[in-house]
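So, here's a batch of structures to check.
Common to both upcoming complexes is chain A, partnered first by chain B, then by chain C.
Our next item is the complex of A and B:
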C-alpha cells in the first residue's frame, strides 16, 4: 500500500519519526541483547567495564574457547534454514500425521516430532559438523583465520542452571501454574464473554463494571487478603471434612484438610481472580465482533442455544481466544508478587527462583547463572509468539470473521 | 398446510412499543411482503415469527400449532438474513448442508439435496469455496440455498436484497419470485423497497410506527391506498398529496381547483392523485396552473413538477415533452382519478369513482 503523495509526511517529520522508533527499539531490545551476551561468558568477561570485552569475551575465548567466523556464518544460515523448513512443512506434516483423524492430534504429534528433530540437529549434528568444518579450514593456510575463535562462548552457566540447580523443577512448577491459569481463565472468560456479549441487559453492564473495579485493585490487596486464609486453611476447612454429609467426599482427596499455603492451586486461584476481569472484557469484545446473525442463523437452522455456540461460534472464535490466552499466559508466567508470597520452596516458579539466584551468595558466578536463567525463561515466550503469530495478528486486528 | 396466524402481537421494550397489536393471517403458499420505512416494526414482527424475539403479548401460530413457546429450531422455518449470516469457516457446500446435518437428516440424502438446492440458485460450480471468496450476490444465493435445502414450511426473508447493487437486485428478485413459485412454500418477506413489494408479493402488509396500515394485493394497495401514509409510500413517484378545502364538490388550494368531486362532504381534506393519471395541458382552464418547478427526463416519460401550496406536485408528460423551468404549465386532473383523505386522521374518505 502506498500513501498518496498529498498525504505523505514532510521529510523532517519522517526522519524524526524514524529516529524515535529506532531509539525506542534500542531501549527495548538492548537489555535483552546484553543479558543474552553476558550469559554466555565467564564472570570476568560478563562484569567487565569494557563493553567490547563483554561482547567478545576475551577471557572466555582464551580459557574455554568460542565461535569462529565460520561458526557464526554457518549458524545464521542453519537457523534461518531451520525456521523456514519448519514453517513451511509443519502444516503438511500435521495433516499427514493426523492419520485421517483429528487435526489437532496431528499438530501435537508433528510438534513433538519436529522438537525431537530440532534437538537432534542442534544438540548433536551442528556441533559435529561445525567442528569438522573448523578443523578442515584450520589446516588450510590462508583460510585458517576464519576458523579461529573470535567470540568467546561458554554454556557452563546454562548447564549449572538446568542440571546442577535442577531448574527444570521450577520450570515444571511454572508450567503447572501457567497452564492452570490459562485453562481456567479461558474457559470462564469464553463462556462469560459470550454470554455478556449477547445479552444487552443492565445486569450484564453492572457485572462488567464490577469486573473492571476488581481489575483495578492492586495485586497486593488480593494477596494479603488471601494469605491468612491460606495459612489457616486447615482450621476453617475442618468442618467440611468433619461433617458427615461432605466428609466422605473430601475424604476421597486427603485424610485431613490441607494447608493451602505453598501449593499450586491457591496461586492459580489468586492469579485467575486477578486476570479474569481482563479476559472477560477482552473476549466479550471479540464476541461482539462476531455477528449476532451467525447465532440466529444457527438457531433457525436447527441448533439449540448450546449447539449454536459449539458448532458456529467456537470455530470462529480462536483468534480472540488465542490472543486472550497469550495475555493470560504472560500474566501468570511473569508474575512475581503472588508466586513469591504464596508458594513454598518446593512449589516455586521460575521468576521468584531467579530473584533468589540473585540474592543467594552473590558470587559473580551466581550472578551470571541468574542471568542465564533469566534468558532461559524468555525462550517459551518467543516460541509461543512464533507458533501463534498468525492468530495473534488476526486477533489483535479483529474483524476476521465478517460473514 | 402452513398458514401463519398472528393474533394481537405486541412487542414492547420498556416504554417503547415496537409492534402494536398486529393481527394477520398469511395463507398457505402465499408470498406475503411486510413493507414499511425503517423502524416500523416489520423486521421485529418477522423475528417474532422466527422465534428470535418473544412477543410481549399475543399468539403466533404456524400451521395449527401455537409456536410462542417453541424454540426457533422447532418451528420448521428457514430464514434468510440481511447480512447473509453464512458460517465463515465452512465452504458453500457445508453451509448449505448445515441444516441437514444439525437436524440429523439421513446422511445418504445430503449430497443430493445440497446439489439440488445449489442448482436452484445456480451455485453449482462454487460449492468448494468459502463465503469470503464470494461476491455479495453469490453469498445471498448461498443463504437462499441453505434456506431451501430442507424444504421448511415457512420461509422468512429479512431484506435479503438490500446489500446487492441495483442491477443484481433486479435479477435476484426475479429468481426469488420464480423460486417461490416452484417450491410453493409460504413466504414472508421484509423490505423497505416498495418496488420489491409490488413485484414479489401476492399480498402486501404496509406497516408504520408498529401498526399495520393496510393489507392487500399490490394492485389494491396501489389503486386504493387506505390512508395518506400508504398513498405517500407506494409508487414511484409517490402519490401527489394536496391539502385543501372541499366545498360543494369543488377542491380548492393554492393554484388548484378541481370540480366534480362528491358534494356530500365539506371542509378540509387531503386530495391525492398519481402522477401517471394526470395530464399536462394548457394553463388556461386547467385544474392546476402554476410555473414549472423542475423538469426531469426519465426516458420513457418526462416528469414535470410544480409547486402547489406547500408541497410539490409531479405529473408524467409524454417523453418528448420539453419545457423550461419557470414556464407556465397546466395539469389536467379529472375527478375520477382523485383519492380523498381525511385531513386530520389521514384515512381514505371516498373511493375514486
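Our next item is the complex of A and C:
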C-alpha cells in the first residue's frame, strides 16, 4: 500500500517516531532478556552489580566455559532463520496437515511438530554443529581467536530444574489443565456464541449483560464459594452413591464419592466456567461477522440449525476460534489464584509451584534455578506468539474489535 | 431462530455459568452470614506427675473438641448476622481513629481492609489513562513505521502481554531487588542509597510500572487493529481541507477509535480492580495489599491449618459491591442503547 505524499511524515517526525518505537521495544524486551541471560550464568555472575559481568559471565567463562564469537554469530543467524521459517511456513504447514479438512487439527499438529522440531534443533543439532565448527576453527592458527569462549554460559540450572527437581511433572499438570480448558471452553463457547449471534431476542441480550457482570467478578470471590464444597465433596456427594437409583451408575467410576479438591478435572471445569463469559462475548462478535445468508441458504436446502452449523459455519469460523482459543490458553496456563487454592502439591501446575519455590528462604543457586524455571515457563508462550502472531492481529481486526 | 433451538445451543454454556458462577455467588453470600466452628466441650482433667512418694495432682478445666462416631471433630454452623462483616470492617477502630485521640485517616488505612481498598482503587484509576495513552501511542508509532519491520516489532511488543503475570512481576522484581542491576544504576544516577522494597510507595510505583508494561500491549493490539480500518478517503479529505497532523488525529483518528477506547477502558477497569498477581510476584504483602489478595489470604490455611472461609466470603461480597459500582455506568449505557436499538 502506498501512502499519499501529503500523508507521509516529515523527516524529523519520522526519526522521533522510530526512536520511540526503539525505546518501547527495549523496554518491552529488557526484563525478559535479562532473566534469560541470568538463567545461564553461575550465581556470582547472575547477581553481580556490574551489568557487563552479568552479560559476559566472567566467572562462568572461567569455571565452566561458554560461547565463542563463532557461536554467537551462528546463533543469531539460526535464531532469525528459525523465526522467519516459523512465521512464514506454519500457515501452509497447518493447511497441509489438516487431514480430512479439519483445520483445527492441522494447527494443533503443526504446532506440535514445530515445537518438537525447534526443541530438537536447539537442544541437539545446534550444540553438535557449533561444537564441531569450534573444534575445526580452534586448530587453524589465525582463526582460533574466534573459537575461544567470550561469553560465559552454563546449562546446569536448567538441568537442576528439569531433572533433579522433576519440573516435568508440573509441566505435565499444566499441559493437562491447559489442554482441557481450551478444548472444553471452545466447544461449549462456539455453540453458545453462535446461538447468541443468530438470536436477536431480548433473552440473548440479558444473557450477554449477565455474562458481562460475571466477567467482572474477581476469581477469589468464586473460589471462596468452591473451596468448602470441594473440600467436603465426599459428604454431600455421598447420597448419590448410596441411593439405589443412582448408586450403580456412579459406582462405575469409583467405589466411593471422590474428593474434588486437588483433582484436575474440577479445576478444568472451574476455569472453563470462569472463562465462559469472555469466550461467548468474543465468539458472538465473530459469528455476527459471518453473513446470515450463509446459514439461511443451507436452511433453505433443508438443513436443520445444527446441520447448518456443522456443514456451513464450522468450516469458516477458524480465525475467530483460534484467537479466542489463544485467550483461553493464556487464562489457563497463566492462572495462579485458582490452581494454587484448588490443587494439592501432587497435582500442582507450574506457576504456583515456582511462586512457592521462590518465596522460600533460598540460597543464591536456588534463586538462579527459580529464574531458569521462570524462563522455562515463558518459552512455550514465546513459541505461541511466534506461531499465532498473524492470527491474533487479523483475528482481532476481523471480529472482536467491532463488537 | 426459534426459542427451542436457541436454548439448545446456549444450554451447555448456561449450565456451566449457573453451576459454577451464579451458584457459588449465592453460597458465598450465605457463608458470609454464617460461621463454622469446631464444637468444644469443657471437661475437668486431672493430671498427676509421676513420682514415688507424694504424687502431685492438678485439676484443670480444658476445652476439648467433640468427636463424632467416626472420630472426626464435629463442627457447627451458626447464623451470626453481620458479625463477620464487622470483624472485617472494624467499625469500632474506625470510630476510634476519628475520635479525639486517634490519628484520623492514617489509622484507618492501617486496617487491612481499608489499606487494600485504598490501593486497589487508586491503582485502578492511575493505570487507566497510562495504559490507554501508551497503547495508543505505540499503535500510532508502529502504524507509521516501514511495513517490512512491523512483523518483528509486533512480535516483541506482544511479549509483555502474554507472559505469565506472576513471572512478569518476578522478572521486574529481579531487576530492582536488593542490589539489582537497575537499583544500582539508579543509585549511581541519584548518588544515594536506595532500598526499593523497604517501603510502600516505591513498591507501589514498581507495581504500577509493571502493570502498565504488561497491559499496554493489549491496548496496542486492539488500537492497531482499529487503525487498519480507518477510511483513507476521510483521511485524504481532511488533508485537502488543510487539517494539520494533530487535527487529523483529534478529529478523524480518535473518533474512529472511540468505541475501542471505551472497550479497553471497560476491560481494564474489570481486570485492574482484581489486581492480585503483582502482590505475589513482588511479595509485597507486608506493605501493599489488594482486595483480592485479602480474600486469597483468608482462603489459604493459616498457621493453625484452618481456612477462614467466612471472612473470605465477607471480603468477597464487599469486593463485589465495588465492582458493581464500577460497572453501573456501563450497564446503564448498554441498557439505553438496547432500548433505543430495540
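The rule we apply is simple: the second predicted complex is superposed on the first by the 326 of 403 C-alpha atoms of A that agree within 3 Å, B and C clash if a C-alpha of one lies under 4 Å from a C-alpha of the other, contacts with A are read in each partner's own complex, and residues count from 1 in each chain.
What we mean here is this: contacts are C-beta pairs under 8 Å (C-beta built on N, C-alpha and C of every residue); 3 or more make two chains touch, one makes a residue touch a chain.
Here the structure is a predicted model, which means the values were calculated and not measured.
By the touch criterion defined above, A:358 reaches chain C but does not reach chain B. Ranked by how many residues of chain A each touches, chain B and chain C are led by C. After overlaying the two complexes on the shared chain, residue contacts for A:316 are found with chain B alone; chain C is out of touch.
When the two complexes are overlaid on their common chain A, residue A:247 makes contact with neither chain B nor chain C. In the superposed pair of complexes, A:239 makes contact with neither chain B nor chain C. Taken together, the two complexes place residues 401 of chain A in contact with chain B and also with chain C.
Chain A contributes residues 291, 293-294, 296-304, 307, 311-312, 315-316, 401-403 to its touches with chain B in the complex. Those residues of chain A lying in contact with chain C across their complex are 1, 4, 6-7, 9, 13-14, 17-18, 20-21, 24-25, 27-32, 34-35, 38, 47, 49, 51, 54, 83, 87, 188-189, 191-192, 194-196, 198-199, 201, 203-205, 207, 209-229, 269-270, 272-274, 276-277, 280, 305, 330, 333-334, 336-337, 341, 351, 354-355, 358-359, 370-371, 374, 377-378, 381-382, 384-386, 389, 392-393, 396-397, 400-401. Touching chain A in their complex are the following residues of chain B: 50-52, 71-73, 77-79, 81-90, 98-99, 102-103, 131-132, 139, 146, 156. Of all residues in chain C, only 1, 3, 5-6, 8-10, 12-14, 16-17, 19-25, 27-28, 31, 137-138, 141-142, 144-145, 147, 151-160, 162-168, 170-172, 174-175, 179, 181, 184-185, 213, 217, 221-222, 224-226, 228-229, 235-236, 239, 245, 260, 263, 270, 273-274, 276-277, 280-281, 283, 291-292, 295-296, 298-300, 307, 309, 312-313, 316-317, 319-320, 323-324, 326-327, 330-331, 334-335, 338 touch chain A in the complex they form.
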